[in-house]
Amino acid sequence: MIVVMSTNASTQDISEVIARIRSMGYDVHLSEGKERTIIGVIGRGRPIDREQLGLMSGVQNVMPVSHPYKIASREFHPDDTLIPLNGIKVGSPDLAIIAGPCAVENRTQIIEMAHAVREAGATALRGGAFKPRTSPYSFQGLGVEGLELLAEARAAAGLPFTTEVVSPGDVELVARYADILQVGARNSQNFALLQEVGQTNKPVLLKRGMMSTMEELLMSAEYILSHGNYHLMLCERGIRTFETYTRNTLDLSAVPALKQLSHLPIIVDPSHATGNWEYVPALAMAAIAAGADGLLVEVHPHPEMALSDGMQSLRPDRFVEMMGRLRAVAEAVDRTL
Amino acid sequence: MIVVMSTNASTQDISEVIARIRSMGYDVHLSEGKERTIIGVIGRGRPIDREQLGLMSGVQNVMPVSHPYKIASREFHPDDTLIPLNGIKVGSPDLAIIAGPCAVENRTQIIEMAHAVREAGATALRGGAFKPRTSPYSFQGLGVEGLELLAEARAAAGLPFTTEVVSPGDVELVARYADILQVGARNSQNFALLQEVGQTNKPVLLKRGMMSTMEELLMSAEYILSHGNYHLMLCERGIRTFETYTRNTLDLSAVPALKQLSHLPIIVDPSHATGNWEYVPALAMAAIAAGADGLLVEVHPHPEMALSDGMQSLRPDRFVEMMGRLRAVAEAVDRTL
Amino acid sequence: MIVVMSTNASTQDISEVIARIRSMGYDVHLSEGKERTIIGVIGRGRPIDREQLGLMSGVQNVMPVSHPYKIASREFHPDDTLIPLNGIKVGSPDLAIIAGPCAVENRTQIIEMAHAVREAGATALRGGAFKPRTSPYSFQGLGVEGLELLAEARAAAGLPFTTEVVSPGDVELVARYADILQVGARNSQNFALLQEVGQTNKPVLLKRGMMSTMEELLMSAEYILSHGNYHLMLCERGIRTFETYTRNTLDLSAVPALKQLSHLPIIVDPSHATGNWEYVPALAMAAIAAGADGLLVEVHPHPEMALSDGMQSLRPDRFVEMMGRLRAVAEAVDRTL
Amino acid sequence: MIVVMSTNASTQDISEVIARIRSMGYDVHLSEGKERTIIGVIGRGRPIDREQLGLMSGVQNVMPVSHPYKIASREFHPDDTLIPLNGIKVGSPDLAIIAGPCAVENRTQIIEMAHAVREAGATALRGGAFKPRTSPYSFQGLGVEGLELLAEARAAAGLPFTTEVVSPGDVELVARYADILQVGARNSQNFALLQEVGQTNKPVLLKRGMMSTMEELLMSAEYILSHGNYHLMLCERGIRTFETYTRNTLDLSAVPALKQLSHLPIIVDPSHATGNWEYVPALAMAAIAAGADGLLVEVHPHPEMALSDGMQSLRPDRFVEMMGRLRAVAEAVDRTL
């Protein structure tokens, strides 16, 4: 950390800042220029609050020189984290394709979809049982019944499944059924929930909040990791911007950036990002070309009858066609599908 | 709702859309132009999913003509909602000033602050016991001990208090202590939490998420209202934008807009919005001039020692000075403080 | 400037960075910690390109410690800049109210409006002759004829006027007529235009781009100032955010922030910011309470017939009413209107 | 266009709206429901101002049912527009790779780069002679000398070049030298400039403003097209969002969306979007996979010595490597490079 003193800081101001830093267990390096003094904080002491230092008399600015996350960082863990899933390792050249309907609606729908996506080559099934909906009047999911149906579909098609958990109190329940616990975009900074999934030993798929920076996503990851659960995948699903023609703006720059900053696998969700099935194949291919480790894609047998997110769901035949095109792109970037 | 058919929709497309709308219990009005047909949905039937209609063959666009929230709307409840608080009614010309430290740190701090803000004219005390922090390594609040200390401060200074609740499982506990339940910006779309506070009879202060539109804020309000709790105040606390010089961008246009759209009182939090105590008085005055029903302001005895958010906290003497200036502005806009 | 070397920078990397900095005419201060070396750049040399340094081997980050603008900064010119306008000084406690239609449409309209706003207490008239419109098919303004009509209105009502200039080639022409040259939001980073208005001696009203940070606005101001024109007013008119209920998001935090960073007067335009006349009075009062030096407000005799921006224009009677309420707020914050 | 009347609109309100619409040369279709009346505007009349209608008594909302751009739309011109460039047709399966330094700095640099990018397979050279820089103190480009050097480099390497024009007064000059006129992001809504380039017969590369929606980009395109110049390419180069880790957020969803809405070719600029050369290859591949018709990429012989944008420039050896990987992706999506 570097403390930049203002040009009119007094000698006493500087002494007090140095004393405060030393009292936290650090050493300091002074750089006294003609215009201003700069104080470098050296060593390892107790956590220093930037804001506290920033408010001391004579301080102009306090600048961090390292990331606020540790376990999530590439420095801490230089090798890629690999998550076993249905015979592949997510984070290796094998690509993970997680596909299925937005919400579980009934037995026929979810079992039909499980078979359809497995036959098209998907690695896992997705389906929501607890749905966080903007409106209290929208379909809120089948709850426990949805989990039961997902378990049936898993048995029928032989595919593991991911499903969202929306409340700390439900984590134990959902973990009894699901193969992957999904934390949704609106809960990306629900710290009580992050702590709870961090205490399970189930793989977690953590979605980036639509208002979260990459650094905040990695801080949310840190909550899970620091509670002991290292089976973690990040998911880019679009951020909110001024552009409203698409539902959100898919931030594919996050793929190479997060791969550089962190060792965790990155999954991309083009369905929620665009909100429009017509743009999903183009962005799915782009995500793989950018280096993503997998995709989360919505597929529904009858999108025009879907109880949620029909607009962004592919029909099974279009999903099959997309998988074919994805294989060509995957091969071009040395990934396998 | 209006369904705009595309220019090349077939007669059969149009018939099928009409049949679907009628099957939901509505009537239709057809407007057949040379270029396209437009179908108006009339009457009251079961909720129609816009996306489902939008995916039917020949449909170009489906446009709502009314708001998605009901109980929160001014149409539903034309009179201002008034919330009793420490002898005043929030939402009336009386202004509510809720002030205190970001977090409860110890007995001395919170009791000293309770006295200080009461003497300066505050209506209620604020203080966090459960803190949602971006970093798992930051101070997370004193928890139950913090609630106990807030209760002591209330008794000592005679001020009701608001404190944040971050998990559905904590709502009952926090409601036993607090006078107002605060739902923070990061939990503005934590629907499980909203449902839970909607089932208490405690007043709720619902903060706008930093990436929530006004409509989404009103939909979150609808979650609480539709579960039976009508003692609800909205809080504008800044939205996230590209401008990073201030911590967030305070959206004061939301004050007249929300007053027009809804009957609920609006509180403004200039401390979190700017992240800088130097700008708090100017924006506090602006909020009152814009028509806000009250303020949420951070005050700390020693901001440079604060365990959280010191940078945006006013010292008690500056809070006293600000209250004097606020009184003049309040009078100019026919409000009382 | 501070250069943070990465933890694995070599001795040679450090030497080369130091040599580069010295070659630009600066001295360095070294802070060698156990983990990393930090190099402070001291003194005054030739401009250093942060990106160039940032790309040298072993460099992790290059952080500026001062603002990139000079003449616009409060440090350079501690006293408030005052701009004489129609008998008052903009930037002093006197408030400047600049009001009139979005566009000059015909002689009757502009002369009627000039009289109306002067009688209501306005300081100057506004009216567009050259209109930057998103659509090539929208009304583009009357051009030179509009300037002639504005000059007639000035003579008739005795009010100076501001009007927008949209092209470097038009600056001389517009400056022959106008009392204040307005640079619009879409031209806030039209550097060719900024240089041109910087070479006149006419007061300039520089609008913040809807995508400009405060720092970028001050850099645009620096273009004008560094070309010799010091008669400059800044104008906050709303920034583009994800919220679309209002046309833009008025950033009133920019008022205290810009007053602290710069000596230039700040005008606020609530009409363009909200795009809705119903919210204009609330935000006009808020702007004055926040410390703005004046307002730019759209007034039109028949908003429903306006050729542009009718939705955000006040009728003259509503403008008169707003002026009355503004006077009370102005008095409460020790300003005169 | 559809006019939604409010629930309490009077019969007279409705008659007046109908009369106004008819006076503009349109017919109307009435849809009278129990709650409200909806008026459809039918036929082709004079342009109707939505805001004017929206302000009439009893009107709640006015909704467009078609796009505001015409010549730029896919409806107007169903086939892809093809732009001949150095033996290929931009917009066909042939990909256009336009590469070179941000700014022309001297003869050696630009000629060396022209040879380097041509040998690596580039279609055209890029290089700035007039540079729009945020700071008046930054390098502003070599101006006419830069154009001369670009012309020399063209002759030497046999590559056409694109260069930015920043002022309407410079269009004729730049058009005498350049093969493609580039309109930069900060000038994306500089309508005076758009009109001027629309009057030349040179191909234009129009960059999306960092705060422009896709619709606004197409409206800017419409300015150029409606002035008679149909040789137009659009360029996605990142939009401004709350995420600051990358310089802007590359919006690759714009590629399939713009291809659907418009017939114009789309070029992607991953260099400006990310501001970081390390992420350029991943996003270049993603752009091609998403369906872009070409790339604009910054290449500099010595990025750490570049007078502008060094941080985002690839060294020639890295450009060569990227081109190899691009060829594989291009083939996977049936494009040729």
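Chains: A, B, C and D, in written order; residue numbering restarts at 1 for each.
As a working rule, contacts are C-beta pairs under 8 Å (C-beta built on N, C-alpha and C of every residue); 3 or more make two chains touch, one makes a residue touch a chain.
Just so it is clear, the model here is predicted, and its values are computed rather than measured.
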Pair joined by more contacting C-beta pairs (B-C or B-D)
B-C
Can you spot which option in A-C, A-B or B-C is basically A-D again, with over half of the contact pairs the same by residue number?
B-C
In angstrom, rounded to a whole number, how far apart do the mean CA points of subunit B and subunit D lie?
38
Just give me the whole-number Å value for how far the CA centre of subunit C lies from that of subunit D.
26
Per the C-alpha means, the centres of subunit B and subunit C lie apart by a whole-Å value of 31
Touching two or more other chains - residue numbers and ranges from subunit A
211, 240-242, 244
Touching subunit C in the complex, subunit D uses residues 47, 49, 51-56, 68-69, 132-138, 166-170, 186-187, 189-193, 195, 209-211, 216, 219, 222-223, 226-227, 240, 303-311
So in the complex, which bits of subunit C are touching subunit A?
2, 4, 27, 29-36, 38, 40, 42-43, 60-61, 63, 65, 240-242, 244
Under the stated contact criterion, what part of subunit B meets subunit C in this complex?
211, 213-215, 239, 241-246, 249-253, 255-257, 260, 273-274, 278-279, 282-283, 285-291, 325, 328-329, 331-333
